[in-house]
């Protein structure tokens, strides 16, 4: 099932640079693993913001929650989740 | 270039049913043509709302405006547009 | 899987009374069928508002969308959907 | 009587980890006691957020206030309270 | 138990004058009966607005909902309800 | 003349406990003096929030400002003020 | 005592032109009478909007309510009222 | 002096088509006259919306108000005005 | 030309008291100079808030920006600016 | 292609003055380079705010994102981006 997730990152100004970089590196690695697993279907940058729009294909809402709350940057993120489903005008086959 | 577009439709209650259905049919046909052309990359329904999240791959903002404002339901839609670009964590090749 | 849905009904003042009553009766019947089927787990009235908070246990987001958009009052409703999952403090067994 | 409570937790980034964990443990214990007492009827996690939706069955608004303000995480929580009552479409017996 | 209720009235411009006056008269009569019964404890006008702030002393949220939704102007009102309880600084005796 | 005042207190997490308690004690004492003087007519706690709804009966807006800005917790409070006046449905005598 | 009032006028598109003009003329006459009486101290137009910012010097909130609700355009206005008092930096004498 | 003006047009669905077209034609003509006069410095369409962002170079706020409120579509527009001035980083000569 | 400016001051809790007092003293002095110069036409306190409503009579938006951004408390202020002009109902002579 | 960008700067109060000045100087230099390159078409100050409205003429959304996120003040800025296109009333030639 598909979920639309918008993540906005607000890192505190006084967060130690090295710590921030380490968090970002871990976040990138985890994100890419999840993309390779097919869970994290798409991730795009919102122009002008430290934020992204992502699509997740998961087995359940619980799985999505597990993924999001284990992201290294989760404590610094504002997250909006929308449940999606197939649009009757979509021409894509096999879309859920 | 990619644009993220959220469209919420508010049809007036007193709009003649036949007119509404005709508008929806034209909208669906135009949407499917644009999908086949590759302009309208994705369209998903937001659960519980007469609204969709869509991705457009267009040559310019002007082209996106042309597409959106010529949709039959445009006069009844609230539209939010976000410009997207490649996220540095994305593993997809050739993504703009 | 569980979804939290808040529905606020705004019936137009000039909607014919008989039509409104018929819509409400159909809504009530459909709601009760869905409760008996276990899909519509709970429905409570929000004090002071023509609105309710409901819990749905469905197979997929698509099923929830199907249910909500087929409610007779759907065209007159503002709906907010939240995906839920088990809270680690919950003592309930078998909760998804 | 039933109250719908949405709690969003915002722990300061610079809060000492051990203190945070201790608060969370106390919060979980108190929450589970209240569930066993029947006061805290339900608690679900909102997907993607450090937040929950809960239902309380209490004797009075004052009792609800007592419960909420004594939660260890109360100082770090944004809380929205809605009074609920029986919906005329509900098929549940003995619901208040 | 005490509830704080803010009611804002939005009568449609094209509502027939006589109907509007009749509604207001019935509303006033019902409001005064409820005041005499002690249910509707206070009602004040918010300066500059067709709105009031009221205090209700009722047996349950359900009773409050019953009162509010049976007010003649209910269909034209936006209502915000807050549950209240005794403030520890209050010097009033017997306040709930 | 009557003013409706809603006060929400946001004490910083890192405020020294003893200082916070001293502020609260002074606030309570001042509040109770003002209640005894008849200026601070009512104070109720909003369930689930570190906030109150109060009614003040003062000689002028300036006097209300004087009272509010001299409250020990004023620097930590978000305050919304509404001017009230007699509602034509009120059955109370001598109400301003 | 001084009140700051912002009034935004929303005349319905389908309001008969002659009726609208009559309302505006009556509004202007009443406004000018109140200015001559000293009640309506100032009125300025907000650039780009059918709205004004005004200052009223009245005996009580009740008097302000009386004035505002008797304005011909009141049913079509959204009104925000702020109570003002003397600023300690003001160099004006005799300001309330 | 420069003003930044954002105009969003909301034409009623049931406005007669011919009337709407006439209004738009007059609006376009007036807009182009003002551009030729140098008053209306720039006008751009906001992608996806029946709205524009414009820059005006006028002698006074009053002149801007005169221009905006005389636009044929003014009654159907929501307008936000921002006063602008020279940015200290701007490399443009003679900018006000 | 007239500008309506609303200034809300948010001093950080941990700002050194002496520094805060010095800032306030300088602010007051500058404000009173500007009043004497006729630039700062009026300043009123908003009841219950560390905020004021002010009127400025300046030669240009640039001059207003110069004044506001040089106020000692500017870094701690949230400022909303509205351009004003003469209201056609105003009876004041020589008003801009 | 044209993008409308509104940037609001919120420098932390406790940021070291020298660091802040250095950031601002680098920001100004980079801004002026981009203006000379034709990318940063216009920049105006919003009166009364540490904020600007800018126009960018870039090859793609990705380029705009690159520019904005490399600005020294980016971590301290709230940025709103709007895609623009030619307005059919514009008399400017060669406008995109």
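Order of writing sets the labels: A, B, C, D, E, F, G, H, I and J. Residues in every chain begin at 1.
Everything that follows uses one rule, which is that a contact is a pair of C-beta atoms (placed from the backbone, for glycine too) under 8 Å apart; a residue touches a chain by one contact, two chains touch by 3 or more.
Note that the coordinates shown come from a computational prediction; the quantities given were computed from them, not determined experimentally.
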Subunit B and subunit G share contacts with H
Taking each chain's centre as the mean of its CA atoms, which one is farthest from the centre of subunit F? B
Any idea whether C-D or D-E has more C-beta pairs in contact? C-D
If you average the CA atoms of subunit F and of subunit J, how far apart do the two points sit, in angstrom? 44
So, in whole Å, the Cα centroid of subunit E is separated from that of subunit J by 50
Between subunit A and subunit J, what is the gap in Å from one C-alpha centre to the other? 27
Touching two or more other chains, which residues of subunit A qualify? 2-3, 45, 47-48, 61-62, 64-65, 81-86
Using the contact rule from the top, write out all pairs of chains that touch. A-B, A-C, A-D, A-J, B-C, B-H, B-J, C-D, C-E, D-E, D-F, E-F, E-G, F-G, F-I, G-H, G-I, H-I, H-J, I-J
Looking at the complex, which residues from subunit B come into contact with subunit A? 2, 4, 27-28, 31-32, 35-36, 42-48, 52-53, 82-92
Please name which positions on subunit G make contact with subunit E in the complex. 3, 5, 12, 15, 61-62, 64-65, 68-69, 75-76, 79-81
Quick one: in the complex, what on subunit G touches subunit F? 1-3, 60-62, 64-65, 81-86, 96
Under the touch definition given earlier, write down the residues of subunit D that touch subunit A in their complex. 11, 13-14, 45, 47-50
